[in-house]
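Below, chain A partners chain B and then partners chain C, in two separate complexes.
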Partner chain A sequence: MLTIKHLNFNYPKSRFVLKSINLDFTAGNIYGLFGKNGEGKSTLLKIMTGLLFPKNGNCLLEGNEMRKREVQSLHHIFLVPEDFELPAISIRSFEKVQSCFYPQFSKEQFYELIKEFQLSPTDVISKLSFGQKKKVLIAFGIATNTKLLLMDEPTNGLDIPSKSQFRKVMASIADENKCIVISTHQVRDLHSLINHVMILDNAQVAFDQPLDKVSDGLWFGKPSTNDSSEPIYSESSFGGKAILPRLDKNETEVDLELLFNGVLGAPDKINAILNQTQNDERV
Partner chain B sequence: MEFDNSKPIYLQIVDFFYENILVKRWADEERIPSVREVAMMVEVNPNTAIRAFNHLQDLGVIHNKRGIGYFVASDGYTKVLNIKRKEFMEQILPDVFKKLNLLDISFDELKNAYNQQKNEEK
Partner chain C sequence: MKEFSLLRIGHFIRRDIALHKSTFVTGLLVGIVLIFLFSFFNMIWDKQLSQDEFFGTFGLIYIPMGVLFTFSIFKEFNDPKANQLYLSIPISIPERLASKWFTAAILYTLVYTILAIITGILALLFGVVVLTADFNISSLFSIEYWNVLKVYFLVQPFFLVGAISFRKNRIGKTLLFLGILALVFTLFNFLLFGIFNHNYGLFSGDAVISEAFDKTAADFSALGRWFYGLLLGPVMLIVAYFKMKEKEV
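Up next, the complex of A and B:
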């Protein structure tokens, strides 16, 4: 659906934020985009929506350059940014003004979500709290029914019950025609939704794998003393969690925090093992 | 749903199904929630829910009626009972034995505790 090829980007008079990025986003997946602060996650999302232009390389939505900001491309993409400014109008007016840009927009769905988030169409957006404003934007983004939905830290600012509500809503809208990309640090909030992990580090793609491949090749947990293989990565916190090659051990749930730290610590080792299991399957 | 970190989420969904069938919340041949409903219920990616459904279908615990939805198999309860019994005997019981040994609890003590609990239930 969206392809990024040999992409470089830097802000004026500063070092490269993104260097030779190659990524491919396909429908039917929920991508988790991770990286330390300032690693270019938000920049990448802005390039994907045509808000920023790459220095070199391409960002193509179904073959069309995003930098050209063609109407047919913009119809199919929506970004819920991390910080935003919304006009001082009611939710209803906001919907009336903005929804016409999205041919697949569903009014019914939007007001249903607004109700679910305990907001009222007559609420004036500027008088709402940050979390409530975010909910307006999330509801709007979902109701646009764009093929590509990008979210930058969507759970920031949401209260505890809303996070669970958010997960339910996302589980209900994910389908094989839709591609969702979520950039976040709140791994625990979104772990159960994501099925593909991308990690940016040192301005490059350090990791790009579907989760089922990860749980196929790697084992997460507390290693026992009779484990024959050396841990690929380990943490000495209480209980001592580690990543091991899975071999013939039982499948474990991917520990995203551990994986993230592992990829930053030993990217080559982890990628080598996952690519190796890939090759084995082909044989 | 609260997930345990060590077990794959799809297997935890499978356990959720097993429990519903064992306590007869879902009876044999009864229709069960759809993939999407389950994904929403437990707040997971629909792909993960599909994996749980496929796993249960492979075991013959549930089956799919085209265009209508998923149903518990006619012998679903018996199948789940056998699966969970096997799991208990092969995985849980050895751990209990190990612990009994470690804490030096005799079989008689265990038997007394068991009988006592049985009486309380009555």
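Up next, the complex of A and C:
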């Protein structure tokens, strides 16, 4: 669906934020885009929406260059930015003036989500809190039913019940025709929601694997004393949790936070094990 | 997929009006009050409101108000918090530009003209009753009206480019740029005049600059009108198109 090839980007008079990025986003997946602060997650999402232009390389949505911001490309993409300002009009007026640009927009879905987020169509957006404004935009983004939905730190500003509500809503909208990319540095917020992990580190893609491959190749938990294999990564602060090659162990749930820290600490080891597992499966 | 759809332009105009309704209404109300007051006070001395006087007042408010409205509808474009959503709306750049220009030039002119004429007539009636002024209705077919419109339609695209180009102090920077440009072109005209006419001794003796310019105006008026007309109107719209195309958040 969306392909990024050999992409480089830097802001004027500053170092490269993204270097030699190659990524492929396909329908039917929910991607978690992780990285430390300032690693270029938001920049990448803006490039994917055509809001920033790469210095080299391409960002293509179904073969169309995103930097051209053509109508046929923008019809299929919606970005929920991290920081935004919505107009000082009611939610209903916002829907009326904005929804007409999205051919697949569903009014019913929008107002259902607004209700679910405990908002009213008559609420004036400028009088809402930041978290509530975010809910309006998330609801709108979902209701556009674009093929590609990008969310930049969508859980920032949401309270704890709203975060689980968000996960529930996102899980309910996932389908095989839609591709969702959620960027965050709060990896826990996407627990049990995503099925593909991408991690940016040092301006490059440090990790790009589907979660089922991760759980096939890696084991997460507290290793026992009679474990033969050496931990790839371990953390004393989390009660001695570690990442081990799975080998013949039982499958464990992927600990996203541990995986993230592990990739930042030992990217080569983790990628080598996962690639080895994939090769073994092919053989 | 069509990159120029009148339907999308219509939707975008509707969006702009909905978003800037209060700015639009406030501006028009201020305009109406000012036109009423200026028109009424104008009748105190000579007991009449000539077309010249009315459209002088009209232009005095119509042009600055239109410029402010142009800046207002482009606010989203340079606002880092609003422009991500704004620029990702599925509408092409020619459609964006056409709708903005239509709103700030055509629609604004139509609404403002109708309201100004009605206000002018009310002021006139008030003047007739209170000041026993002469009653004569201003006509839209007068040359004064079309001259005011001509100035606005030439100047507005320049401010449109300013509204797109600058992030902060947009009006100040645009005015400064316009001032510098006017100065450069004055100098340019003066140099041209000197080059073409120095053999005729126009700079010697008592010949003054204003006289020289009068003569130049007579010789080059048609050429100059086209040059500046194109430069301030269509060329500025083309500049605006490329500025919008190159815009990043």
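Basically, the second predicted complex is superposed on the first by the 282 of 283 C-alpha atoms of A that agree within 3 Å, B and C clash if a C-alpha of one lies under 4 Å from a C-alpha of the other, contacts with A are read in each partner's own complex, and residues count from 1 in each chain.
Everything that follows uses one rule, which is that a residue touches a chain if its C-beta (ideal position, glycine included) is under 8 Å from a C-beta of that chain, and two chains touch if they have at least 3 such contacts.
In this text the structure is predicted, and so the values were computed from the model without any measurement.
Considered on the superposed chain A, chain B and chain C are sterically compatible, since they fit side by side. Look at A:Val97: by the touch rule set out above, it reaches chain C but stays clear of chain B. Of the two partner chains, chain C is the only one that A:Ile89 touches; chain B does not reach it.
Residue by residue along chain A, chain B and chain C are tallied for touches, and C comes out ahead. Contacts of A:Asn22 after superposition: neither chain B nor chain C is touched. In the superposed model, A:Ser129 lies in contact with neither chain B nor chain C.
By the document's definition of touching, of the two partners only chain B reaches A:Ser164; chain C does not.
Applying the stated contact rule after C-alpha superposition, one finds that A:Asp255 touches chain B and leaves chain C untouched. Applying the stated contact rule after C-alpha superposition, one finds that A:Asn58 touches neither chain B nor chain C. The overlay of the two complexes leaves chain B and chain C separated by a minimum Cα distance of 27 Å. The contact surfaces that chain B and chain C form on chain A in the two complexes do not overlap at any residue.
Listing the residues of chain A that touch chain C in their complex gives 46, 49-53, 69-72, 74-75, 77-79, 81, 83-87, 89, 93, 96-98, 100-102, 137. On the chain C side of its complex with chain A, the touching residues are 1-3, 5, 8, 11, 14-15, 18-19, 79, 81-85, 87-93, 95, 248-249. Within the complex formed with chain B, the chain A residues making contact are 28, 30, 164, 167-168, 171-172, 174-175, 192-195, 215, 220-221, 251-253, 255. If you check the complex, the residues on chain B that touch chain A are 3-9, 11, 36, 39-40, 42-49.
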